[in-house]
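Both complexes below contain chain A, partnered by chain B and then by chain C.
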Partner chain A sequence: MGLIDKNLSLRNRRKLILGIFDDEDKLMDASSALVHEGVHIQDVYTPYPVHGLDRIIGVKRSNLSVVAFLCGLTGFSLACLMIWYMYVYDWPMNIGNKPERFTPSWIPIMFESTVLCTAYGMGFFFFIRNRLLHGIQPELLHDRQTDDTMVICIETGDGVNESKIVDIMRSKGATEVRERNGGVQTTI
Partner chain B sequence: MAHGHHIEIVQEQFSVPAKAKTISIILAVVGLILTGVGFAFLGDSNSASHSKATAHTEATHEAAGHHDDAATHEVAGHEAAGHEMEHGNVQTEKFGPRIDIQSISHPPMVRFWASLLIIGYYLLLISLAALMFVAIQYIANAGWSAAVKRVPEAIYTFVPVAFLVVFAVILIAKNDLYHWAHYEHLGLKKGDAGFDHILAGKSGFLNTGMLLAFPTILAIIFVLIGRKLRSLSKAEDAADKGETRFFKKSIRWSAAFAVLYGFTLSVIVWLYIMSLDAHWFSTIFGVYNFATGWVSALTCIGLFVIYLKSQGYLKLVSDEHVHDLGKFMFAFSIFWTYIWISQYLLIWYAHIPEEMSYYQIRYENYKPYFLVNLVLNFITPFLVLMMRNAKRNRWVLAIAGTLMLVGHYNDIWLMVMPGVYGPGQNISILDIGLLLFFAGVFMYWVLIALTKMGLVAVNHPYIEESAHHDVGV
Partner chain C sequence: MVTGGKTATDVTRDISRPILNKPSTSWKVGFTLSLVFLGIFVASLFWTLWTGIGVWNINKSVMWGWDITNFVWWVGIGHAGTLISAILLLFRQKWRMSINRSAEAMTIFAVICAAMFPVFHMGRVWVGYWALPLPNAFGSLWVNFNSPLLWDVFAISTYFSVSLLFWYIGLIPDIATIRDKVKGKYEKFFYRFFSMGWTGSTRTWARYELVSLILAGLSTPLVLSVHTIVSTDFATSVVPGWHTTIFPPYFVAGAIFSGFGMVATLLIVARKVMNYENYITIGHLDAMTKIIMLTGSLVGIAYLTELFIAWYSGVQYEQYAFMNRATGPYWWAYWSMMSCNVIAPQVFWFKWARTTPWFIFMMSIVVNVGMWFERFVIIVTSLHRDYLPSSWVMYSGSLTEVGLFLGTFGIFFTCFFLFAKFLPVINMSEVKTILRNRE
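Now for the complex of A and B:
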């Protein structure tokens, strides 16, 4: 698993079945029905967070909090190093006759640096992992998937019963079911 | 909404389990016994320094009268030290210039009143913050908390009791606890020996009338608003499904309360606690005490919710709600630390003797308490509650919460005791006794209050949302 999640990229997919929905309840019903039938849902694209969907399609807990902790630790260490270098090693200064070694006056800098590195680190890693960082070409499955349309994306392959998937999606209220083959979409 | 599994909103009627009754009664009785034992030792601790010690209970004025001389000397001593600070050689040791802080002797009973002030004030902060919690949920139109709302609603019924404890202590022992009140009692004029220009300058605000009247009027208003909110809640339960009239009314009352509480809690804190060190002041002290009360109230709410869950009540409350309460406990522990360190840091950095006296005594004469404060109120919640799994584990949450409650008691103890006595006090068997006694009374009171209404706000507009609350994977 690299820095950029290749699993999230659609470029190398052989064949995808897309269920287009316009209602989150229908989407959730369809998703749980599909999962119930043992279908692996590649991903679901929604313009806003749909609560409970992550549990249904089995999204694993993100490691972002570990990243946050490590970034925070980095920020904390950087602050310690910086203060030590500037204030103790390179150019000791007498400010209000306060001691040079660790004092409460170091705390705000450590705190700020920790928070800064955590916030920026989390932000960057979040965008990189989601392929949303500036410069990464976005891959849209539907023109309105960032507006008011939701898309269930299933990769077909050996042992996947395509007609059953299409039936379930239709019966659960998909407005449209599409097939995506080599980047070309056709309605089925 | 309401996708997938449908959750039935059913009213639950709580009845206090016999075991809980027994435990709270045992706590209270053990507390009383320890308090009694503490009383037996009361004479000893002060007899060395205060040979004239008498065991008056009610004759505070007399007691105040007969050590007038000592106190005048005390005030004069402070004044002299102050002058030395301004004009003499400034010592710069680790903690900067020093003020000679002397131990103050009081009649033995004062130790009891001080201890009672601490626990009464602690519970007052907690129960007021619980009311604020309810108010904030209304104002913010918060959905997630509708399922746990009855718990803070029960906790804030303790406001009148806690207030009466504090008020009684102040009525009886204010001249001993507050040296400014004693000073006011002396009635010194400018030019008299022992005249204190700082206290004289503050007397427009810091006077007995203010101390007695201001918090009392506010407490009465707070209690009335609390009762109003509870009665609206009760009426909502009895109303038809979908009736939002009571909810909207509650928002208005909550807004009124929040504004009043926000502006006046600081004043109550200045009068009750900050004025124990009447020469000293800190502009962040109100927020600091708010943080103490708020995080303790969130912890109490968490503990009661965990308890009710363990007894099979609150079926709508899932791990998600408990997780959110855990987040609150974690986040506001850090908020408390932030405020605590802010007050410390500015005073440490500014290096001004009259500000530093507060920390000088607390750091040099009460170092264990000072450090325990940091360990229990910051390091424990920070390390224990940082992990997601810890916040979803009720046992971890309960243990961390109990430690935090003890830690914040220690925090308030450290605000009060050095202010009243100067150096030389320790958390005694009397303090522990009163803490246990009031823990038992508080538990019993809140559990009984929980039986007065259904445990589920069945007609709350957001109860569905709360039932389906989900913080995600």
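Now for the complex of A and C:
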């Protein structure tokens, strides 16, 4: 598994069928029906998170929480190492005869460092995994997909019954069904 | 939670209106006024740096005055943002969705304002990097990890960085919405740059929600740690009135109290000026005032506990510190604090008080004034009468100190007006999920 989620890119897809919806319930019904019929849904684009949709289309649970834990462990270890090196090893300081070995007074900095590394490490991996990069051109399928419109995107190929997909989308309340071939969209 | 039968289309239209249209007259007036205050900040800061911090009235007894009062006050205000977005997210309180964006923005701007004071209190600000754990020219001398002032450096910078990340990740979907609406070449470039190619893919949304949840889980102990650490600046000292174990919870409650005060101040104006009454409803104000009342009462209990423990400890210095607060030369500050923070919020037991915007606005100002006095009382009344009567002094802020404080309002509101013009002040993508209360 590569670091970047390849499923997110639409650039080299041969032919796509797009179901345009304006209602969340209809979208969910259509997605369930399509999956039930054995159709692989490439992705669904929604202007807001639709809960449960990821499970319907078979998105695996992300490992970001594991990444977050590892980043936190790194932050904690770095803080321990830093304090030990500076305060115990390199230049021990006697201030008010306080102990120079581990003391509870080190905990705040260890905690802050853990939180900082977890947040930024996880944030960084989140951006990479989702192909989120400053300034890149978004691959939009509909000009209102970040506003009020939802798009089911299905990649067609050999052995895919296109007319069945179109029928299901229409019967479940799609406002429009389109086909994208070589970057050009046409209404079916 | 959202009234007026709004649809997703309406939400986008309403929330992006200030960004897509030309600035309104009220925005221009407000922004200009903020710039005037920003000018006051620049002038006061210039005078402080040019002459030295001798232009402040702090002295060897009262070595912390308006500066640290303002620092703690602004940091406290910064707490409501993370509380609303993180703790209320973990508790699945959906009413936070209309107000979290602006509260998070407020957090970031308030922390910037707060940081000004300890940084410039250093005097020689150009050696401010000595506060960081860097090797320096004096051999291998490092920072003191036992000092709460160093914990503060780590806590405030972590808090600022993590809040900024949390705020930005939450903004990306909405920036993408604006990106697909704007027409101008530069606007398109700006929003495209910051939207990071967001398309609203379900795969991304699933990870986005997970990241938000983990960030909320991280921010919750973080927000508690920050004001705990600020309180240890005082509590680890041996100054009567500061050396108390109640400080961490007491400061955290006070921070949430003042933070919600400021959120209420800003949002009551914003909902009126920007016509967001259907998004920031009376129900939101009602919920916020209940939190204000709860935290105000917690702070009140802390005040009384402090008095009791001072008496119960049998330590005459502790007893004197508190007697001096209530009846000494700064009695007016103490009783302002008591009446604004403990007595005044009790009015929110009445439904009318919780649901009348102009009244909540007035009360939010009272809360903010009260919390400023709390920090002033803690700092100045504890310091101004030292163990030796020869070190007894009176303190009042100089014109430069007052100017710096007023000036931070310039920083805060300049940032806030720019935010309100260029970014959506309400989280559109989250609000769209609660338009229909589906079970």
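What we mean here is this: the second predicted complex is superposed on the first by the 186 of 188 C-alpha atoms of A that agree within 3 Å, B and C clash if a C-alpha of one lies under 4 Å from a C-alpha of the other, contacts with A are read in each partner's own complex, and residues count from 1 in each chain.
By definition in this document, a residue touches a chain if its C-beta (ideal position, glycine included) is under 8 Å from a C-beta of that chain, and two chains touch if they have at least 3 such contacts.
Because the structure is a prediction, the values reported are computed rather than measured.
**Q** For the overlay on chain A, clash or fit between chain B and chain C?
**A** Superposition check on chain A flags a clash between chain B and chain C.
**Q** Quick one: classify A:28 as touching chain B (first), chain C (second), both or neither.
**A** In the superposition, A:28 contacts chain B only.
**Q** Is A:64 contacted by the first partner chain B, the second partner chain C, both or neither?
**A** It touches chain C, and chain B stays clear.
**Q** With the two complexes superposed on chain A, say which partner A:162 touches: chain B (first), chain C (second), both, or neither.
**A** neither
**Q** Touching A:176 in the superposition: chain B (first), chain C (second), both, neither?
**A** Once the two structures are laid over each other on A, A:176 reaches no partner at all.
**Q** Looking at A:97 after the superposition, I want to know if it touches chain B, chain C, both of them or none. Which is it: first, second, both, neither?
**A** Only chain B; A:97 stays clear of chain C.
**Q** Which partner reaches more residues of chain A, chain B or chain C?
**A** Looking at chain A, the partner in contact with more of its residues is C.
**Q** Tell me which partner A:112 touches in the superposition: chain B (first), chain C (second), both or neither.
**A** In the superposed model, A:112 contacts chain C only, not chain B.
**Q** Touch check for A:43: first (chain B), second (chain C), both, or neither?
**A** The answer is second: A:43 touches chain C but not chain B.
**Q** When the two structures are overlaid on chain A, which partner does A:54 contact: first (chain B), second (chain C), both, or neither?
**A** Touch partners of A:54: chain B and chain C.
**Q** Clash-wise, after the superposition, say which stretch of chain B runs into chain C: 186-194, 240-248 or 276-284.
**A** Clashing stretch: 276-284.
**Q** Take the contacts of chain A with chain B and those with chain C, and give the residues found in both.
**A** 49, 51, 54, 59, 61-62, 65, 98, 105, 108
**Q** Across the complex, what residues on chain C touch chain A?
**A** The touching residues are 7-9, 12, 133, 139-148, 150-151, 154-155, 158, 161-162, 165-166, 169, 172-173, 176-177, 179-181, 192-211, 214-215, 218, 221-222, 225, 229, 232, 428-430, 432-433.
**Q** Touching chain A in the complex: which residues of chain B?
**A** For this pair, the touching residues of chain B are 3-4, 92, 94, 96, 341, 344-345, 348-349, 351, 388, 468, 470, 472-473.
**Q** Across the complex, what residues on chain A touch chain C?
**A** 5, 7-8, 43-51, 53-54, 57, 59, 61-62, 64-65, 68, 82-83, 86-87, 90-91, 93, 95, 98, 103, 105-106, 108-109, 111-113, 115-116, 118-120, 122-123, 126-127, 129-141, 143-148
**Q** Which residues of chain A touch chain B in their complex?
**A** Contacts found on chain A: 24-25, 28-29, 32, 49, 51-52, 54-56, 59-62, 65, 96-99, 104-105, 107-108.
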